[in-house]
Every structure is written in C-alpha cells, then in structure tokens.
Amino acid sequence: MARYFKKRTENRGLPPGSLVFIGTKKTEQPTVEYIAYNTEELAEREFIKIEDVPRNDPERLQWYNITGLDVVGFMQDTQQRLSIAPLAMEDVMNTGQRAKFEEFDDFAFITLKMLQFNEESMRVVSEQVSFIIKESMLITFQEEAGDTFDAVRHRLRNAKGNVRKMGPDYLAYALLDTIVDNYIYLIENLGEKIDDLELRVLDKPNEEVLNMINAYKRELHFVLKVVKPVKELMLNLIRSDTPFIGKKKTLPFYKDLQGLVVHAIESVEAYRIVLSDYIQLYHSTLSTKMNDIMKVLTIFSAIFIPLGFLAGVYGTNFEHLPELQYRYSYFVFWGVVIAAAMGMLFYFKRKGWL
Amino acid sequence: MARYFKKRTENRGLPPGSLVFIGTKKTEQPTVEYIAYNTEELAEREFIKIEDVPRNDPERLQWYNITGLDVVGFMQDTQQRLSIAPLAMEDVMNTGQRAKFEEFDDFAFITLKMLQFNEESMRVVSEQVSFIIKESMLITFQEEAGDTFDAVRHRLRNAKGNVRKMGPDYLAYALLDTIVDNYIYLIENLGEKIDDLELRVLDKPNEEVLNMINAYKRELHFVLKVVKPVKELMLNLIRSDTPFIGKKKTLPFYKDLQGLVVHAIESVEAYRIVLSDYIQLYHSTLSTKMNDIMKVLTIFSAIFIPLGFLAGVYGTNFEHLPELQYRYSYFVFWGVVIAAAMGMLFYFKRKGWL
Amino acid sequence: MARYFKKRTENRGLPPGSLVFIGTKKTEQPTVEYIAYNTEELAEREFIKIEDVPRNDPERLQWYNITGLDVVGFMQDTQQRLSIAPLAMEDVMNTGQRAKFEEFDDFAFITLKMLQFNEESMRVVSEQVSFIIKESMLITFQEEAGDTFDAVRHRLRNAKGNVRKMGPDYLAYALLDTIVDNYIYLIENLGEKIDDLELRVLDKPNEEVLNMINAYKRELHFVLKVVKPVKELMLNLIRSDTPFIGKKKTLPFYKDLQGLVVHAIESVEAYRIVLSDYIQLYHSTLSTKMNDIMKVLTIFSAIFIPLGFLAGVYGTNFEHLPELQYRYSYFVFWGVVIAAAMGMLFYFKRKGWL
Amino acid sequence: MARYFKKRTENRGLPPGSLVFIGTKKTEQPTVEYIAYNTEELAEREFIKIEDVPRNDPERLQWYNITGLDVVGFMQDTQQRLSIAPLAMEDVMNTGQRAKFEEFDDFAFITLKMLQFNEESMRVVSEQVSFIIKESMLITFQEEAGDTFDAVRHRLRNAKGNVRKMGPDYLAYALLDTIVDNYIYLIENLGEKIDDLELRVLDKPNEEVLNMINAYKRELHFVLKVVKPVKELMLNLIRSDTPFIGKKKTLPFYKDLQGLVVHAIESVEAYRIVLSDYIQLYHSTLSTKMNDIMKVLTIFSAIFIPLGFLAGVYGTNFEHLPELQYRYSYFVFWGVVIAAAMGMLFYFKRKGWL
Amino acid sequence: MARYFKKRTENRGLPPGSLVFIGTKKTEQPTVEYIAYNTEELAEREFIKIEDVPRNDPERLQWYNITGLDVVGFMQDTQQRLSIAPLAMEDVMNTGQRAKFEEFDDFAFITLKMLQFNEESMRVVSEQVSFIIKESMLITFQEEAGDTFDAVRHRLRNAKGNVRKMGPDYLAYALLDTIVDNYIYLIENLGEKIDDLELRVLDKPNEEVLNMINAYKRELHFVLKVVKPVKELMLNLIRSDTPFIGKKKTLPFYKDLQGLVVHAIESVEAYRIVLSDYIQLYHSTLSTKMNDIMKVLTIFSAIFIPLGFLAGVYGTNFEHLPELQYRYSYFVFWGVVIAAAMGMLFYFKRKGWL
C-alpha cells in the first residue's frame, strides 16, 4: 500500500525544479528509440547516447521513446538536447506523480500510469509513462522497455489506420488508447477472478477466501487510485485550448477515450461493491453455519447431560435406595430415558432446530 | 458479473473505426425488416440481402429494423448502403457499450440496452439496441429478432395514436417508450419477488434465503448499471440541439420518458435499500435465534452438570462416606437436587432467560 | 413495498395520452363537489352527473372537487366539459405518479400524494390528489371522498382568513398546506412511537422489537419516497413563470410551504438515523447479553466438568485404588473439590467474568 | 427525540398568520427588558406591561429583550406596539422553527436556538431566540429569562469594545457571537466526556457504556440538527442585500462568526465519527472477549468430558471387566488421563488458543 | 481528541479583537529571528526584545520569524511595532484556528498547522504557524522554535535556487512547501506502519492489534482535520486577487503546492479505507476462528457426552441389570462406543466440520 506514495523524501529541502529520480531503479542502460515518419516513409533507430539522437527533422514527424528515468545525468542531457522545461522534466522523473495534463509554452504534457497484474503475487504493478507533445514531435518516457506499444509500432510500420497520416497528437492518442485498453483488460481479468470467488464464499468460507477477497479489494482500490486521475486528466485536456492537440481532427478521439476511462472507473466501482457484498455474504454464511453448529451442540447437550445425571443417580451407593431393588427398575429406567429423549427431540423439532 | 464488460480484448491493437463484433453470437441469419409509411399508406417487407433493401423513398418515412450484428460482412455492406459513419457502426457492433446519445453530421445516434428477466436462471439478461435517426428514416439494430416492438408495429399498421402522423423521431420515441416500459415492468416483477422474501427472512433465515437476497441484489445492481446511463442519454438528448428531433412536437415526449427513467432508477435504489435491510434483518434474526439456542444450552448445562457432579460424589466408592448409611440420605439427596434446580430456574427467570 | 409502483402494465403498448386508470378501485360513484364563491357570497352543490356541473361563472371563483378516478367514462366526460389537456388527465388517472408540477397552456398542474397512517396494519397509505389551477377555477381530483379538506371548506364558508379574498392559487395553497400539515402530523406520530421503542430495544431485544423497527423503517422509507418529490415540485413551482400563481401575493405562501416540506424531509431522515442506531443498539445489546450467557455457561462448565471427572475417578471399580481405603479420603476429596472450585472462581473473577 | 418537531398540531386548520404559541410553557410573567444607549449614555429599565414600553427614541439605540412567548395576548400587543409583521411574529412564537434569516420590508429577521447541556439528564436542551433588527432598534425574543446575554450587557454598561459605538446590527452580532460561543463550549464539553469514554469501551464493554455512547450520539445528532441550519442562516445573511446590516462595518464580523459555525459543525461531525468508531470498537472488543470465553469453555470441555467418559467406563459394573483386577490399573489409568490431557493442551497450544 | 478544539472558553464574553493566547504554553522566552537579504548580501540576527528589531529596510527583503505566542505583552508590542491588524493578531494567537487565507488591507495572512508524529505516544501533534506577507517583508509566527525551516534558511544563506532572487511571497511558498512536504512524509510514515499491521490482523487478531488500528484511525482522522482546510486555504489564495502574491512568477508554485495537498488528502483517505478494511478483516478473522473453536467444542461434546451417559448406564446399581452378567458385555460395550464415535466422526466429516 506504500504504493500510494513514492518517497518524496529524497527531495525534501531541495529547491523546486531540481532533477531527482523518485522511484525504484529499474533499468541498467538508458535507451532512446527513435522513429521518424511521414505518409511516404518511416525510419527507425535506437540510440544509447543522447548526443547521437537527431534533433529536428522538418520533413518528418518524430517519436522519441525514452527509457531510463533513473540515470540523472542522461536525463539532464535529454532535457537540454530536446529542450524540455525543467518543471516538466521533474514530473517525468518523479514516478510517484498523480496522472495529470499540463500546458507548457511549447508543448503539452501528459503523465499517467500503465497497469499490469502480476498473477503470482496477486498484485497490480504500475509503471509511469509521460508524453510530451510538440508541434511535430512526440517524446514518451517509460520506466522500463516493454511491449505495450508494439501494436502501435506495428501500425506505424505497416501504415495501417490513420496513424501515419496524422500528427503527433494522434500518435499520442493511439498510445494512450493502448494504455486504457490495458486498464480495461486488467479489470476484466480481475473481474472474472472475482466472479469465480462467489461460489467459494458460499461453500467454504475460510481464511483463504477471506484473504483473497481482501487482496482483490486492495488491488481494485489501487487501480481506482491510478485510473481516477486519468479521468480528470482527460477532462482537463479536452477543456484546454492547447494548440498541440488538433481541435477538429484529433479531439473527438480523445473524447471517445474519455468515455472509455469513465466506463473503466464505473466497472472498478461495480466490482468493489461486489466484493463488499462478498464480505457481507461471508459473514452471513459463517453466522448461518455457526447457528447450525450451535444447534447440534445444544441438542446433544440438552438430551444427554440430563440423562447422564439420571444414570448418575442410580449409580450412587446410598444404602437405602428403594428403586434399585425392584425387578423391572432397569427397564423402567430405559423407558424414562427414551421418553425424555423423545420429548426433547419433539421440543427441538417444534423450535425448528431439526 | 462479467456482464459489466463485453470483452474488448478482440479489438486490442486494432486502429479505431475497424468494424469488429464484440459480444455473444446470437443470430444465424441477418435480416432487415423494412416498413415504409405515411399517413395514407404503409408497406412492409423483410430482406435477407442488404442489396435488395430500398435506399431512399422521398414520399414515405422508412424504418429499417436490422438483426444480425455478428455478421461482419453484412454489417459492412449495411454501413455503406445506408451511409452510416464508421464510428457509429463500431458502437452498434460493440454490444458492451454504455448507453449513450451522440450527434453525427447527418443523423442522431442512440444506443441502449433492453432488459429481460430469466425466471429460471434468476438472471437479468440484456440486449443492445441502437437507433439511427435521420431526416426521414429510422434505422434500428437489434442483436436478436424479438417481439418487443410488436406493440409499436401494431400501432403503425392500424394507424393508432400519433405514430403515423409524425416523423422518425416520434417513432424512435415510441420504441424507446416500449423499452423503458419494459424496464419498469421488470423492476415491478423483481420488486414483488423481493417483497415476498421478507417473511422468509424473518421465519427461516437459512442459506437459501441468503442466496436469493444476494442474487436479487446482484441483479438490481446490474439493472442499475444499465438504466443509469439511460438517464444521462436522455439528459444529453434533451439538452442537445440536434435537428433530427423535433424541438416542439417530439421533445415533450422525450422529457416525459426521462421522468419515467428517473422513476425507474429511484425504484431500483429503493429496492436495493430494501435488500440491504433484509441482510441486516437476516443477521438480527439469526443473532436472536442464536441467543435463544445459547440460553437453552446454558440452562440445561448449568442445571444438570452440577447435579451430575453431585450424583458422581455419591457414586464414589470411598469406604468411609458417612452420608451413604443414613436411612433417608437418598431422599435428602433428591431434595437437594430439586432445590438446586429450582434455584437455578429462579435465577435464570430473574435474568430473563426463561 | 409494491407501493413504489402502481402497475404501469395496464397501458403497456397503448399510445401515450390514452386515458387508463392505474391504481386500486376505491369508489363506487363518482361525484363532483362544487363551490362557487366571491368575497360576498358562496354557493355549494354536489353533482353525480358531469353534464349538470356549471361550466363557467364570470362573477365567482369556482372549485370543483372530483372523486372517482376509476370510472373511465366519467373522467373522459370531465376532461371534455372542463377542457383539460389529455396528457394532464392521463397523469391524474395514473395514481402511481411521482409528485410533480407542470405548466400547460391554460393551467398549472400539480399532482402529489396525501398520507395516512393505519395504526392497525402499521402501514402508511397514500392517496393521490391532483390540482388544476386555471384563471378563476380550481379543479381537484381525489381517489376517495374524505375529510382532509374540511378545515379549508370551513374557512371558506365562514370567510375566515384570506381564503375568500384571494384567487384559486391561494385556495390551492390552502389545500396543499393541509396536506403538508398532515405529513408533519404523521411524521410526529410515527416519531413518538419510534421514541418509545428505545427502551424496549435496550430491555428486551427480541424478534417482535426487531419486526417493529423494521416496519417503521419501511414506512419512513415510503414516506420519504412520497415527500421528497414534493420538495422538487415546490422548487419547480417557485422557479416557474406560470401566470396562474400570483408572483407577489401568493408565492410567499408557497415559499413558506416549501420550507415546511424541507423540515418534514429532514425529520424523516433524522428518524431513519434513529432507527439505524436502534438496529445497531439491538445488535450491541444482544452481543452483550450473549457474552453474559456464555460467561455463565463457561463458569458452570469449567467448574463442574473437571469436578465431575474427579468424582468419576473415585467411582471407578479398580480393585487396587489406594485412596478409597483411607479413613479421611472422602473429606480430603471434598477439600480438593472446594479448593478447585475456589481457584476457578478466583480465576474468573480476575478475568472480570464475575 | 420528539424534539425534532414541536407540535405543529395546535395550528392545524388555522389560516396562516394566526398567532399561536407552539412549544412548552416556560414563563409565568412576560417581561420587557429595555436598554437605550448611545456613545455617551445608557438607560436601563424593565417593564411588565407593553403599554409602558417607550416606542421610539431618535437619540438613542434601543434594545428590547422580551421574554414570555407563551402569553398570546401580550405578544399580540407587542406586535402592534413595536409594529412587527404578523408572519415574523408567528415564527417568533413557533418554537419548533428551523433557524432562518428572512428579510422584511422594515426589518431583518433572525431566529435560531440556544443550546444547553443538562448534566443530570444527559440531554441537550434548546431555547429559541429571535432577533428583529430595525434601523436603530434591536428586538430580541427569548423563551425564558437567562444569563446568556449578561456578558454583552456588561460590555454595554461599561462601554467596553465596539458595542456602544456601533448600530443594532453589531449588537445583534455580539449576542449571536455569545450564542455560537455557547455552542462551541457545549461541544467541547461533550467532546471531553466522549474522549473519556474510550478507555471504558476497551476495558469494560457493558450495557452502561453502550447506553452512554448511544446517549451522546443522540445528543450530538440533536446539536447538529440545531446548528446546521445556522450555517445556512449565516450564508443567507451574508449574501443578502439587507440595509439593516452594515456592509462595510458589521458584515466582516458576521463572516467571522460564520467561520466559527462551520468549525462547530465540523467538530460535531468529527465526534460523531469518533462515536461510530466506539461502537465498532465495542463490538470488536466484545467479539475478542467472546472468543476468549469460548476458548476457555472449549479447552475445559474438550479435556474433561472425554476423561469423564473414561472414568465412567471403569465405573461400570460389568462382571467381566478384565482391567479392574490388574494391580496397577489405577496408576495406568492416571497415566493415560495425564497423557491425554497433555496431548490436548499441546494441540490447543499449537492452535494458538493458550 | 480534545485536539479538535483549543479551548475558546478563555475569551468567552470578551469583545472581538482582544489579544488572548489560546493554547498550551510552550515557550519560556519569546525570540525574533531576523534575516534581511537581497541577491547580493544576507544579514542574520536574533532578538529577544521587540524594540531592538529593525523596522523597515528599503534595500532588502526582511524575514521575521517570531516564537513566543503565549507572552501577551510581547505580542502586543510586536503587533504595534510591525503594524499588524488586531484581527489577524488575534488569529495568530488562537492556536485552535482552522487553516485559512485572508486578505487584509496591507498584507496577506495565512495560518495553518505543522504536523509531527510522536512515535512513543503514537500521537500526531500539531503546531500552528502563521504567515504575514507584506510588500517586502515576511513575518512568520511559530509556537516553538524548531528546525523545520532549516532547509530554507540554508538555501537562503547559500543563495541556492530561486529563493534569494524572488520576493517574500516566494519565501512564504518555500516555507509552506516544507510544511506540506512534512505532511507527506508523516503520512508515508504512518502508511508504512499501517501496511505492516495487515499480517498481524490476519494472524493474531487480539485487543492490542485492535487498539493499534483504532489509534491509527484516530490519528489519520486528526491529520485529515488539519490538512483538509489547507486545500481550501490554497484554493482561496489562488483565486484571490491579493497584490502580495505575484500572479505570474509565484502563483504557479502555489498551484503546484495545491496539487500536493490534494495528493496528501487523497492518500490519507486511502489509508482510512485501508484501516476500515482491517477492522472488517479483524471481525471476519475472529468469526472464522470462533467457528473453528465451536466446531472443536461441538465435536468433543457430541461424541463424549452420549458415551459418558452410556458408561453411566452400566455404572448404575440396579439389582436386575441383565447385560452386566454376560461374559462379553464389556467388549460389546466398547464395540458400541467405538461404532458410535465413528458414526459421529463420519457425520461431522460429511458436514465439513473436520
């Protein structure tokens, strides 16, 4: 749960605007994946030194996908070479950021989190992605290299869909769409697991089930914490007047995306209610079972403890105990025992305990 | 509960605007039911090939009711023949859509869900319906052929009410009214079942009752998930400036419909509170019964366990046990036993346990 | 609880605007009570045929109080004779209506519910009342004849207060005031019963108390469902620009009434919280009692079961059981028993169970 | 809890504007305390007849503090002598009023409640105070004579602070400030009592503690019901354009007061959450104790009931019971008993019950 | 919890604007720490007499950091020497203030609380800090001297970051940033402790764990009570038109800060939900354990109580008890006993209790 904050302690006391990496070190070697394209052609290269990266290409749109936020020197060089405002760069490197959209003088800035569910540890893990959308340039920052953007790369290379024909705002949209699709896929996935839990709650309400409910609750809580600010981000983006996102051509796609985010949030909340209902169900089932157990205990005790006393009475060694001598005493005793047991059973039957 | 999402996985990575069916395959053979009418006459036909469907009839209003969303080729042909924007068509075919109203350049678009309660499986099932309202044309898309719209068809054929005199916006209203009426009928139906449950909760709080409460809760939750966005849809529609819905003549009907949707939502929420109260009642009843059970157990134990011990004492074989020889020991023993039992009973009486 | 909806099933499939009675049949014979008055004089008559009812009286204000919503023919005649828009008439006859205020071309329309508490069945019952306020005419529709409006009739006849001096809008206000006063009286009445319940919850938390809490909760829920839309009605009425309610002279009274409705709603909600607290209290009291019961059981069992075992040991028939022969064994045995019991009691004392 | 409403039943059916006292009769003799002052001088008198009270003093500001709302005749005279609108006077006399601010043609009207905590009955009692602020006159109405306003009287007499230099709006502020200070004092007082409860909940969760939690909850609920409308009152007052409260000179004080009211409400709500946590804590503590009790019961029963059975076996009188004759049987028997007990203890230890 | 209010009782009845210290006395000796600086130079001194403090320095920005709110005389002198409005000074000295931003004629006023977690007492303690931002002067008031502002002092002395180049508004921002950073550090710290609690809840749900959950809940509640008004403060500050905070140059920093405060509040609320889930988990775990305990008890009782009765029967001393004489009775008896026990075990197995 310490996921809710990445330690901001590292930069306590530092003046604002200082570049400090806040998060868990993930990469060994920073890389810049570089794709330059227009409707006719596409060039693709990978760099490990920021000095080698081409700066500006008037003919083509450029996408820089940068990994290695934790290498401060590399990031400083990147900031200068691609002329990014320091405040934005600080946000890129603070991986404990809330998702947000911000307008700068010469670019639009988006930062949000990608989510992945680790089946083994039953934990949702997040990775921060930031977008800098300039006139004819898109710069993306990831904590780790990964395959999330492969589908978009594929579409770029094969010139499928609109992606080659439109600007960096559309490319950013396409990447964001992939991220939001991933949210939904993850929620679906969690949702199915949660659905499967219902039978186990009703059938075998034990601590393992309880732990699982609790774990899913915690993870959904975390997903919500990540996805909710994305809705705000989208609203701010749509309401903004930024010149870096095309009002006519690209904005409708962002609006569509916003609808998807709302849908995702609603579904998470629906599942959270489902889990709360499970907990209630768990308790109810347990109480019902407890009642059954207590009935069994009470029936046995209430029948046999008095009878045990009766047997005890005739087991006493009083010298003058008249019943002991009668010939049929033993059989009368059994008769009384059986009658008493019958009486109790009848009483419990009437109480509805049998 | 996986109902909250239809798998969006199928189109992960595809560019937006690709036509993909998302949902459960329900039809074998796509059909187009075609009704063309004006105040004087009405013609009705059914087609299975989209090429045969008449395109435009300047004299008459046209209603195309199309089933077979899952046949992608057929849908693509439909899109082109009836000139529908691809983004709208994508929404038509994604049956995991939230209800929404959207304005396009040459039509108004509505998508929402019809609901039906399956008595056997105790599940509410939904079917997506989409409306495309053009100048003098209404296109509706259903997942399956059904009898929901029969009442409207009947009114059309018999020229009952306003339906023949007014435009496709009114026809759409009439169909939507049928759908919302169905919501209310379903909620009423569920509501009566829920009402009947109260006595069982009080009388026999067992796991079956618990399961039923839970099932109804889940279904109402689902109904709410479907109906709530319809309210938004209605608000957006009423606030919009779309030229495809008559401000003066038709809008008041839509406003009326919106009131009905609000009423439906409020009722679902009222029943949800009722069910929450049942759960609480279930627990309270169970606790009360548990208390009764424990009282019986405690009374029996507290009386007979000490007496059993007493009998045990006189059952010991100590050689020197003076009481055993006295002539009236046995009767004194019984006297003590009865007095002790009486004392206990009096004590429990005073405690209010009897 | 099926009170939340009156069956709308009857008019499924019918075109909107058809007059259908929705509700429970209550009257045998429709009647029109007719009062015409001005500051100088007042005439009062009762009719059972709508054709006999005077249509328009330029000199006097007219109040038509109509009972018998369930006689469709009579209502149709009424609609025509008093020229009421069909949509309003449909709402008058659908007794499952939410309270609402609506403006029509030639009148203002109000519909809401009167409430009454049936002491015997512990149920709040509602009756729909509708108001049509015209220039110099007030038409009211009730499901049943009743004495609710008697105080106003009395004031009219005796020319007490403003009622004779002002228009039909003021008369409508006076009647609405009576209805809202009745709400408050009913809530007060329920509230006192609820207050009396507290002691019983603390004293004797049994199923009967539980049922009563539940019943009151359900009734308050119903009252809220009825009264809440009245607040909306009032707000809409006050905000509207309808010419049928005097801005200067009458509106302040309506505003006052609105404050009263808010007060009523707040009180219902206060009592609902009180009832929720009772349920919590019920559980807490039950848990406390259960704890007491378990302590008694445990104390008795923990003392006497081990002692019973000890007695059992000396009741065994082993041939070589040395303790049995010693002269003072029996007394030593009792000593041990008493010491053990004392020890246990001391232990339970320290645990705070005694 | 019937405190939420003062009986409005008394004026059912009466025309609005009739003067009726609604509340509990508290005074014997109505009095008018009269203070007239300007920066130079101050005159103070007390009257019991309204005819003797001076009407208008062009030189001085006048404060009339009137007690005796329940003497209708006296109030009617007061209304006429001091020319107060009947609707305001009706509100003054209905002590079941919600706090409100209202503007009249020739005065501003404020009504709210003073609160006092009765330590003995553990009940918060309220007294209604109304303010009529005219050009150079302040009229206050109290249910009972009391010492609440003494501090302000003192400041007036000794010309301390601003009170002698400013108008009746400031005097009203000073009195309101006293009332709000009293709210805060009362909440503090309750809060300290509530804080002291925590240890008792953890230590001895019995019915007495439960009753106290419940009582405090009820009282805080009541306080909230009284104080919340005061916030609204303040907002309305600040937003209003009334000429009777000085925009520049006095309004900042009222704004300050409003902040205080918000603070009071927040604190009540904080304490309500604290009490809810106590209830939860109560249950948790009780459950934990119950678990402990059950462990003791189970340990004793599970050890000694089987051993009792074993002893019983060797207490049987079967003629052929081989073990009885062996010389060391009895010692073997004890060995088995001790081993079994040890085994059980070890088992419970491992289960973590010891 | 009395932390929610500092006693306002001290100034009951006093006219507003009187300087009274409300809070806990913390300092012995009031001090004024004085730093005057511009981009070129910085002078630093400490005073204990307010008369020695320099008043105005046209060349340099001045920061007065004042400790010793509880020495009324000293504060009165300060107020006059630095010409501060009395209403602001009253707020400075009332340490029970809600955080707020207020505009005065010649300065902007901010008051809020610093937080610190005392590990030993498990309590969050607060200290009030107030800011008075004038044209070229910043006055800060602290309850106690402390090291919170050391980082900023350090930056000032070493001319690091913007702090020397910008006005007193930026200096105030830098100090506020330190305070908010401290909030986040504290929440992180509490959050980690809370995370560590989860295992203990699942493993050993005893009263100690319960107390800790409760303690953290209370502390988070307190943190929220302190931090929430800071969000309001920030909003008011950003929306205000005060000339004392630079619109262009400094406001963006305040906006950034506001985002941080929102983040802090969201995290506190996330942890509160976590704690509520723990309580639920605590109960669920306890119920599950209770169920296990009851099963053990029931199994032992249900098997051995009936068998004990059986043994009792053959321990009776009836003269005519035929079974006793048969040679193999004893072995048959054991057979029956074992069979019965087996039967019970099988029954419990099938019930899922084993």
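Per-chain residue numbering starts at 1, and chain names A, B, C, D and E are given in the order in which the chains are listed.
In the analysis below, a contact is a pair of C-beta atoms (placed from the backbone, for glycine too) under 8 Å apart; a residue touches a chain by one contact, two chains touch by 3 or more.
Every value quoted in this text rests on a predicted model; they were computed, and no experiment measured them.
Undergrad: Give the chains in contact with both chain A and chain D, ordered by label.
TA: E
Undergrad: Tell me the fewest steps from chain A to chain E, where a step is a jump to a chain it touches.
TA: 1
Undergrad: State, to the nearest whole Å, the distance from the C-alpha centre of chain C to the C-alpha centre of chain E.
TA: 43
Undergrad: So the centre of each chain is just the mean of its C-alpha atoms; given that, what is the distance between chain D and chain E in Å?
TA: Distance between chain centres, rounded to whole Å: 26 Å.
Undergrad: Quick check on chain E: which residues sit in contact with 2+ other chains?
TA: Within chain E, the residues that touch at least two other chains are 283, 287, 290, 294, 297, 301, 305, 308, 312, 315-317, 321.
Undergrad: If contacts are counted as defined earlier, which sequence of chains do you get going round the ring from chain A via chain E?
TA: Moving from chain A on to chain E and continuing, the chains are A, E, D, C, B.
Undergrad: For a test of understanding, state which residues of chain B touch chain A in their complex under the given definition.
TA: Residues 1-2, 4-5, 7-9, 12-18, 87, 98, 100, 204-207, 210-211, 214, 217-218, 221, 225, 279, 282-283, 286-287, 289-290, 292-294, 296-297, 300-301, 304-305, 307-308, 311-312, 314-317, 321, 323-330, 333, 337.
Undergrad: If you look only at chain C, which of its residues touch chain D in the complex?
TA: Within the complex, chain C contacts chain D at residues 151, 154-155, 160-163, 174, 177-178, 181, 184-185, 187-188, 191-192, 194-195, 202, 252-253, 256, 259, 262-263, 266-267, 270-271, 273-274, 277, 280-281, 283-285, 287-288, 290-291, 294-295, 297-298, 301-302, 305-306, 308-309, 312-313, 315-322, 351-353.
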